[in-house]
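This is the structure I have questions about; it appears just below.
Think of it as A, B, C, D and E in the order they're written, each chain with its own count starting at 1.
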Amino acid sequence: MKKQKNIFNWQADRSKYPEKKKNGKLDIDMSSGKFVKLWQGPNHPGITGNMSLELTISGDEVVEAKTHVGYLHRGFEKLMERRLWIQCFPTCVRMCVAEPDYNEYLLAKSAEELSGIEIPEMAEWLRTLVLEMARLQSLLRTVPGQAGTLSLGVGVQWGVYLRDLVLDLFEELTGGRVYHMYIIPGGVRGLLPDGFKKRMEEVLKKIDEFVKNIENLMFNNIVFKKRTIGVGYIKPSWIDKYGIVGPNARAAGFKRDVRKDYPYLKYNELDFEVTSEKDSDIFARSMVRKKELIMTIDLIRQIMAKMPKKGDIKAPTPNVLHWKIPKGETYVRSESSRGEYGFYTVSDGSKTPRRINLRGPSYTHAISLLERMLVNANIADVHSIMVSLQTCPPEIER
Amino acid sequence: MENIIKDIQNRFEVSDIVNQRDNITFVTCEKEKTIALITHMKKNLGFKHFVLMTAVDWIEDGLFQLTYILNNPKKKLDVAIRTFISRENATMETAHKLWKQVSTYQRELKEMFGIDFPGSPRVNESFILEGWNDIPPYRRDFQTKEYAEKTYFPRPGRKTNDPSEYMKKNMS
Amino acid sequence: MDIATKLFYVFLGLFIVLNWGMLMSATMRKIGARIAGRYGIPFYQPWIDLVKLYSLRDSITHGVMFYLGPVFRLAGGLGMFLFMPMIFGSEYFSNFSFAGDLVLIMYFQFFGMLGMALGASEGAHPYSAIGISRGLSQFTTIEVPMTLAIISLAIQYHTLSISDIVAAQQGGIMNWTLFTNPFATIAAMLSLLGAFGHSPFNLVKAPNEIPIGPPTEYHSSFLGVLRTNAAILHVVEAVLFMNLFFGGATSWLELIIKSFLIYFWSVFVGVVFPRFRIEQSVQWFLKIPLLFGVIAIIIFM
Amino acid sequence: MTNENKNHDKFLHEENKIREVEAPDGSIIKVDPLNDYFLTDRPVVREPKNKVVEKFLNWARAESLWVLGFGTGCGSIEIPPLVTPRFDAYRFGVQMRPTPRQSNVFIISGYLAVKTLKRVIRTYEQMQGPKYVLALGSCTINGGMYWDSYNTINRLDHFIPVDVYVAGCMPRPEALLAGFAKLKERIKAGRAEGANEYAEKFDWYKANQKKIINDWNMPDYNW
Amino acid sequence: MAIKDILTPFTAWKKVFNEPVTIKDPFNDRPGAERYRGFHKNELQTCIGCGSCEEICENEAIDLVAVKGYETKNGDSGLRPMVDYGRCCWCALCVDVCTTGSLTLSNEYTWVAENPDEFRFVPGAENKAWDKNELGWKKPVPNYEFYGQKRVKMEELSPEERDHSFIEIIKGYSKEQAQLEADRCVECGICIATCPANMGIPEYIKAIREDDMEHGLKILYETNPLPEICGRICTHKCETVCSVGHRGEPLSIRWLKRYIADQVESAEYKRILGTDGIENNGKTVAIIGSGPAGLSAAHYLSLMGYKVTIYEQYAKAGGMMRYGIPEYRLPYDQIDKDINYILSLGVNIKYNTKIGKDISLAELRDKYDAVFAGTGLHLGRSTRIPGTDHEHVYQAIDLLNKITEGKEIHVAEKIVVIGGGNVAMDITRSLARLQNQKYGKVQIIATALESEENLPADVEEVIEAREEKAIINPGWGPQYIEIENGKIKGLHVNKCLSIFDEEGRFNPKFDENNKNFFEADMIVESIGQGMDIAYITEDIKSELEFGPRGRIVVDENFQSGAKWLFVGGDIIQGPDVIHGIANGHKAAYGIDNFLKNK
């Protein structure tokens, strides 16, 4: 952590508060009057989605934090056990609202791998495009969103506007605005519409400009720097200990990216470098996301250039109404904007999946890691820490 | 990959090896040896990243399958370890000391499948559900549709016809 | 002038100030919306909001102090207004200004915050408590550079009467305190950022952190009172700075333009900066504005 | 009922006594107001008074809709576009408020898990009347995607009164704006009396809520 | 802390002069995109109410309801989907699976209501604002299918291999082929009601998919005791209404049925169907004719424990199936397989016993508790044009009969067949084979009143006949047979304009100016058959009622006016094998009811 040496920036050494008991546990005695329980969520505007934090604070400092989830639990994994494979496809989409396409892709991929179906080249390219567009729209919300938690709302407004433009493109391509339901087991559900490339380029140009603006507004902003540099530090040793993945790990110097390490779809035909930072604080994570935004724009341009003009969009599959997938199990993963996103799928050879389990990055980030990171944090920093981890409650509880 | 599998095969007698892809292998291990195997893989074989852990209910056999997926970030390999435990009084040794997030997974498994992990932190606290008083919902014998219909007042007035029955009725 | 006429003009002034305050806040929100690329609320929205708030049917209360909180707050705003000469040289719109009004106004500025503290604590919501504790500590530190600037002014003009200070600045733009005492102006204008509560110093309310601080539990007509007060307070506060540093106003039009620009200053900064943490903002006020304030005093010592 | 309870009852107001009410499916449910309600008092019906004045007030209420920022389901992802440049709901008098006390429109943005339902009820009860509920998507109408889920309710109108439904999964911001337009129309016509309806049929609503929510414990405040 | 960090954020202010990017009128300015998945539309005329949409909907958002103005008819259930927007998730799987392509989504997306019950509607039936919208989600094309559109090709003998012998043409499906074909079924059940026997078609197809032949056979025998026969020669009305056929080729239901029957050894039948040791209830039933109707009735009656005796006029059982259908379509060993199983249930059969000649109906009446008559249509019908009394003018039915019995028949070098039905095709192709054997070439013309499109014969029959070098030249009305020197020269025909008059009566109209002449040495008439119910003596006849065209009137249990006499098969309905089976089945229940209540 960066030490601030200026005398004006003097900070009390709070590390010995609260006192610890002899057994190493925190000595929190609520009746002493020194501690206050502070609940945040689920209808707290700063919370990312519908979850809540139970904070025990002493002064302005959090001494203990607990994450409470379950407000969005719909029992997907149970519901999918009683749905046909094709019916799982609209269902699983809803597991993560922010980037639903990864769910579609992973379900399709699991089903295809287990039943040994090869999908056409065109469909692979379109899938890659859709996944990158999903990342783009998500980053457009989350990059400025980091400043949004600190009440710098203008960037969020620009970002969400551009995200809307990307959603328009999605609407043209897939027919859906938020839930695209485009990647179907066996292929995709449509070719690029006419003139799509041109409109895509127009939007990308606007996003280029947005990146410049956001650079000025956020990353060169003295107050933003003050609020984020050195705050929300993740020790590199925690990365494996807490199962940290994605941008959060990359901000700590770990160049891990599923797209590079376990290439899927067409990623090995695309040219990109894994982004990383080394400071591992909120600012570094923001920077990683910004770089990723730039990279995504570049990737989309590459995909659009390499995309074949014509091709089949769907491999022949058995009749979906009674598609039985052979017995077996697999784990497939992809890189979402939050990190490794995977489906563990078990088929027992019947018409319905035996079990589908989602490994969402937020599952570890929002619970064990967040609970650890919030200790000794200032209340004012709680939300920027949470947002910097990009927790997404729907994928935690499913 | 082959070396790793050979190594754990020799030490822990894993069986039922399935090479699902080049870089992911599924193996089955006995319940008693599982934690030791995982520890070995983490400490000695570089499987430092814990991907996930979950359960599958094989109600026909009276077994729960616990799956631990471990990842070696350096060599970019995955090994999934299956272990089978009895559905009756399902209990499993806890692995929370190896990775911090394991306790969260174990909390979920306790709540959703009723698999106990003695010693795991906060394992008995409710995690996702609140005030749940039926059998753990992810068990196969829990019927979610029936439960929902019984509990949540579906909007009345829906009825449907089976085309073949309807046609038989109308055409004869 | 008899007291009835006086009161009539006081109320007329209050009416103008109130409406101007609401229009001003709507305009500022529209300007902020423009930067984001949208239209924003209609100009008349604050009035509708106010009617709506007063017309809610339910309004639960948490006790006597809960009632009194907004009243105190309003008293703070009204108090400032009552002793603030609005239009220089106008007999009708100088309200109840007197020789030592500056001191009283400084007091009223703080009074509202204290009233809020009482009310918010009765609401018994921890966010209110956190918000108000932040508010009080921030306001205390705002007061320091502001007081230094005013002391510097007092030394400069040898008076604690606002009217006299305004009078001293007449006769051309170069006579404004802005130019005669720039350091005090800077100190005061920086502390003004805190007084208006826009970011980077809006952590009192911090809507996405401790929603929304002191008024968390306030609603319906209570919130209506608070909003009425805010409208008055913003104008009066701007008028105070106008009087002290920008040569006062000789007509309502001048007042409107100047108060708008002064208020705009805080918006101008607020839109593009995130907010500080409380200890950061306390440190900031005790650093830069204080430094200017001290310089201002030293110059005129 | 034990003796102790009976004695205890003597000192209670009529509406605070333990009583039995009938749930819609016919089962009898015991309601203990002191433990089951989040409210300190039973809500009361507040009739509109003067017709002409009320008309004006309703107009003001309709043009100033303060929405609580509580994303209960998927639909909450369409709230940011709603209040940002593309759709800019602010120009229609729709504003976001961070606390339930100050809001009078509650957007139920989709499915409600039982755990959220409890918070929703509490939040709804914290809001000051007249208050309105806008229900988004299939999930609030008849269960939607999650019709067979063990943890989500099927229809919202059994738990809180709903003013306007918007179809879609999820509804687009434009549909949401249309929903607001409809809500305004309803308020102006004086039909949006959800708060009074809730007070009138309080026991029925409570019986429904109680049927589903087994664990009524809540921290003193939780939002 | 650089001064730059303080100043650069202010650059955001330059945006204050930009025009807002807000959509001015959000309700009208932005219609959904071309592919937008908005609200449902349905072309009710095209929709057949197959319920695939209901099947695939994971939310059970779709109900099939009766809609005014759409009646149940063959191939159309009369039901239409009703969508519940309290359930729908706009995934459009229903559109993608729709068998007729009638269901689409429009690009309309705004629907607001105060009453939640409004959100249930029948697309297309209720006027909605978006019914006219052109844009919206349609099924992606091409190569985007949820189930196979193309039939699995049935392997058959090439024309060269088959055109001179009577070996079976169709080879039958292999397991893979059958499963692939069965996989295309959407299990809608539209076919069930169309099938006269109401066979559980989707269910036995499912059994094929699951490779559970024993279950499949059980399903077959529930409604049809002649699966081998039906699997080959059924008129497969089910296939013409198959919902898969609306956008692709219908399932080959007949071949699938045959596949099941082929897979099971006849020795296994009794074990699989559990028909060992049926208890006899001591009552007896006589059945006249061992055609499909008789056999079907015999089968179900004996399952119910009746002692059944069949009286058959020929030497072998099977009736028309054996004596009317050539062997290349229905090999005799397959007939025997089905019949032997039925006989193994304890059915007694008396061959070469013609009622009215060897034994009278009245005797049967006295001897048995009930009688079922399924005597079929064995009398050929003549066109009665001049010249039909010539000795080389034959009835198709007689010739087929003789071919089956192995008798020598007259095969001329040039033959004309009058008729366009399946029997005409049978005789055409049989004669073609005989011509091949005899002359080494084929010279046979089949002509019919009906035009090419309206030919009553199955399309594949016509195609195969042409492959076998027979000429099918329909659309001509025979006028007279030219006979020169006692030898047939040929058939004069006129172009047929219409067959039925306005009132739907048979009254063909010919174009006098468009004439044709078919050379021939031999003419075969195959324009339908008549029944021979001479065995019903006058005293019994008086008890019966007769409908139009001399058909005996029966109730829904096929019970005639004489309570003890049940009548079914071609003389009541049809003519085809599946109606016979269905009649026999129903009559069996009727007889059972009748005897129980007696």
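Definition applied: contacts are C-beta pairs under 8 Å (C-beta built on N, C-alpha and C of every residue); 3 or more make two chains touch, one makes a residue touch a chain.
These numbers come from a predicted model, not from an experiment.
> Could you name all chains that are in contact with subunit B and with subunit E at the same time?
The common neighbours are A, D.
> Could you name the chain whose CA centroid falls nearest to the centroid of all protein CA atoms?
Centre-most chain by C-alpha means: A.
> Could you see whether C-E or A-D has the larger number of C-beta contact pairs?
A-D
> Farthest chain from subunit E, going by the mean of C-alpha atoms per chain?
Most distant chain from subunit E: C.
> How many angstrom lie between the centres of subunit A and subunit B, each centre taken as the mean Cα position?
Chain centroid spacing, subunit A to subunit B, equals 23 Å.
> Compute the distance, rounded to whole Å, between the mean C-alpha positions of subunit B and subunit D.
Here the centre of subunit D sits 37 Å away from the centre of subunit B.
> Quick one: report the Å distance separating subunit D from subunit E, using the average Cα coordinate of each chain.
Centres of subunit D and subunit E (C-alpha means) sit 58 Å apart.
> At least two partner chains per residue is the criterion; list those residues in subunit B.
Residues 128-130, 137, 142, 144-145, 155 of subunit B touch two or more partner chains.
> Hunt down the residues of subunit C that sit against at least two other chains at once, touch-wise.
33, 35-39, 126, 207-208, 211, 271-273
> Give me the residue numbers in subunit A that touch at least two other chains, ranges are fine.
Residues 44-45, 70, 73, 75, 78-79, 82, 90-91, 154, 157-158, 161, 179, 217, 221-222 of subunit A touch two or more partner chains.
> Which pairs of chains touch each other?
All chain pairs meeting the touch criterion are A-B, A-C, A-D, A-E, B-D, B-E, C-D, C-E, D-E.
> Can you check the complex and tell me which residues of subunit A touch subunit C?
Within the complex, subunit A touches subunit C at residues 8-9, 11, 36, 38, 44-46, 60, 147-154, 157-158, 161, 217, 221-224, 226-227, 378-383.
> Hey, which residues of subunit C end up touching subunit D in the complex?
33, 36-42, 45, 48-49, 51-52, 55-60, 125-126, 207-208, 211-212, 215-220, 223
> Considering the complex alone, what residue numbers of subunit D touch subunit B?
Listed in rising order, the residues are 24-25, 114-115, 118, 141-143, 147-155, 158, 208, 211-216.
> Could you pull out which subunit A residues touch subunit E in their complex?
Touching subunit E: residues 83-84, 86-91, 154, 161, 168, 171-176, 179, 181, 187, 189-191, 193, 213, 216-217, 220-222, 225, 312-314, 316-322 of subunit A.
> Going by the contact rule set out above, which residues of subunit B touch subunit A in the complex?
Answer in residue numbers: 18, 20-21, 23-24, 26, 48-52, 54, 56-57, 65, 67, 69, 73, 76, 78, 80, 99-101, 103-105, 126-130, 137-138, 140, 142, 144-145.
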